[in-house]
Amino acid sequence: MTLDDLQRRLAEFAAARDWERFHTPKNLVMALSGEVGELTALFQWLTPAESASVLDDPATRAAVLDELADVTIYLARLADVLGVDLLEAAEAKVNRNESRFPVDRFD
Amino acid sequence: MTLDDLQRRLAEFAAARDWERFHTPKNLVMALSGEVGELTALFQWLTPAESASVLDDPATRAAVLDELADVTIYLARLADVLGVDLLEAAEAKVNRNESRFPVDRFD
Amino acid sequence: MTLDDLQRRLAEFAAARDWERFHTPKNLVMALSGEVGELTALFQWLTPAESASVLDDPATRAAVLDELADVTIYLARLADVLGVDLLEAAEAKVNRNESRFPVDRFD
Amino acid sequence: MTLDDLQRRLAEFAAARDWERFHTPKNLVMALSGEVGELTALFQWLTPAESASVLDDPATRAAVLDELADVTIYLARLADVLGVDLLEAAEAKVNRNESRFPVDRFD
């Protein structure tokens, strides 16, 4: 499944339930933020080292995947509603970051 | 550019600057959360209707695209470090949501 | 109960359960952020007008009070661990805001 | 300055600038969330140990105090607009937590 496929599926999902009226960019930013909050809660008491093996425990793994899915879903839906190409925007930002943080400054 | 391409590029970016030691899942969740906070700030005083045309103003458009790019970048990097396929996780979640919220309940 | 009283009580609560080792500023910032995420989720689909009467429904009222309590608790605990006086910091900031946003510009 | 004093001052500040129309609970939750995002960004790359001495550096200290002030301000303002007593809600929650997490389970 590509990001485009996901966005098409989410658009159909919302249309079929008449949820489009709820999916304003403002509301979707809040939904994205709420899901990132739930993801954060799964990591809050872990040390950085523990966080690297967070998927080893099956129950925690399922919870992390569920929150990452929700974050992806609301980010994809928000971008679709706004008409923004996320991967193009990200690529442009990485290009800018290459200039802002030249490699030789970190050698 | 696909999500895979973006993740490969971000991995190279981090490796070239010796930033991998900072990119623990815990730290990346915080970075994701910080960027979502900046995105939220751009929408906080807008009405839902205003938020739908937020890209009409060139300066705000650039700011929103920049924050969406940062959110995408940290989400992609977090998933890569964890070894999670975001689009697969999102597809599985949409499938579960189809069962949780059957269309005929919203007719 | 004053903010000082709350902070004293939270310090005793953490000490009695040997939770002080979890209460680093970094972890507490994440806990605060997670609770704000849960609060955000309660408001995400409401219109601004609906959000003004969010306490009218008893179940939602209990949920909002619970999240506001959690946010207050982690903010108070974080400030205590850092040794920051929140009300003094807030007063100083309001003073700066009085200069940044003079009233006569908004007449 | 007490929390009540801060809330009174913030109410006057908003009234004097005709900002009350922006201060719906929904918008204030977003403003709170945005400020917590900025606070999070200050801690994202720090180890837990580094986060404990974050105030030692004068510039970082000023930034952390500024963000803590903003978080306190929006939380206080949100509670005032909703008519919620934050310290009372927090005290009630700590009482519930005493029952949920009895000390002898942590001996």
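Quick notes
We just call them A, B, C and D in the order they show up, numbering each chain from 1.
Definition applied: a contact is a pair of C-beta atoms (placed from the backbone, for glycine too) under 8 Å apart; a residue touches a chain by one contact, two chains touch by 3 or more.
Here the structure is a predicted model, which means the values were calculated and not measured.
Separation of subunit B from subunit D in touch steps, taking the shortest path, is 1. By number of C-beta pairs in contact, A-B leads when A-C and A-B are compared. Taking the mean of the C-alpha atoms as each chain's centre, subunit A and subunit C sit 25 Å apart. Mean C-alpha position of subunit A lies 3 Å from that of subunit B.
Looking at subunit C, one finds that residues 26-27, 29-30, 33, 36-37, 40, 43, 47-48 touch two or more other chains.
Taken as a contact graph, the chains are fully connected, with every chain touching every other chain.
Listing the residues of subunit D that touch subunit B in their complex gives 22, 27, 30-31, 33-38, 40-41, 43-45.
Listing the residues of subunit D that touch subunit A in their complex gives 26, 29-30, 33, 47-48.
Those residues of subunit D that touch subunit C in the shared complex are 1-3, 5-6, 9-10, 13, 16-19, 24-27, 29-30, 32-33, 36-37, 39-40, 43, 46-52, 54-55, 64-66, 68-73, 75-76, 78-79, 81-84, 86-94, 97-98, 101, 103, 106.
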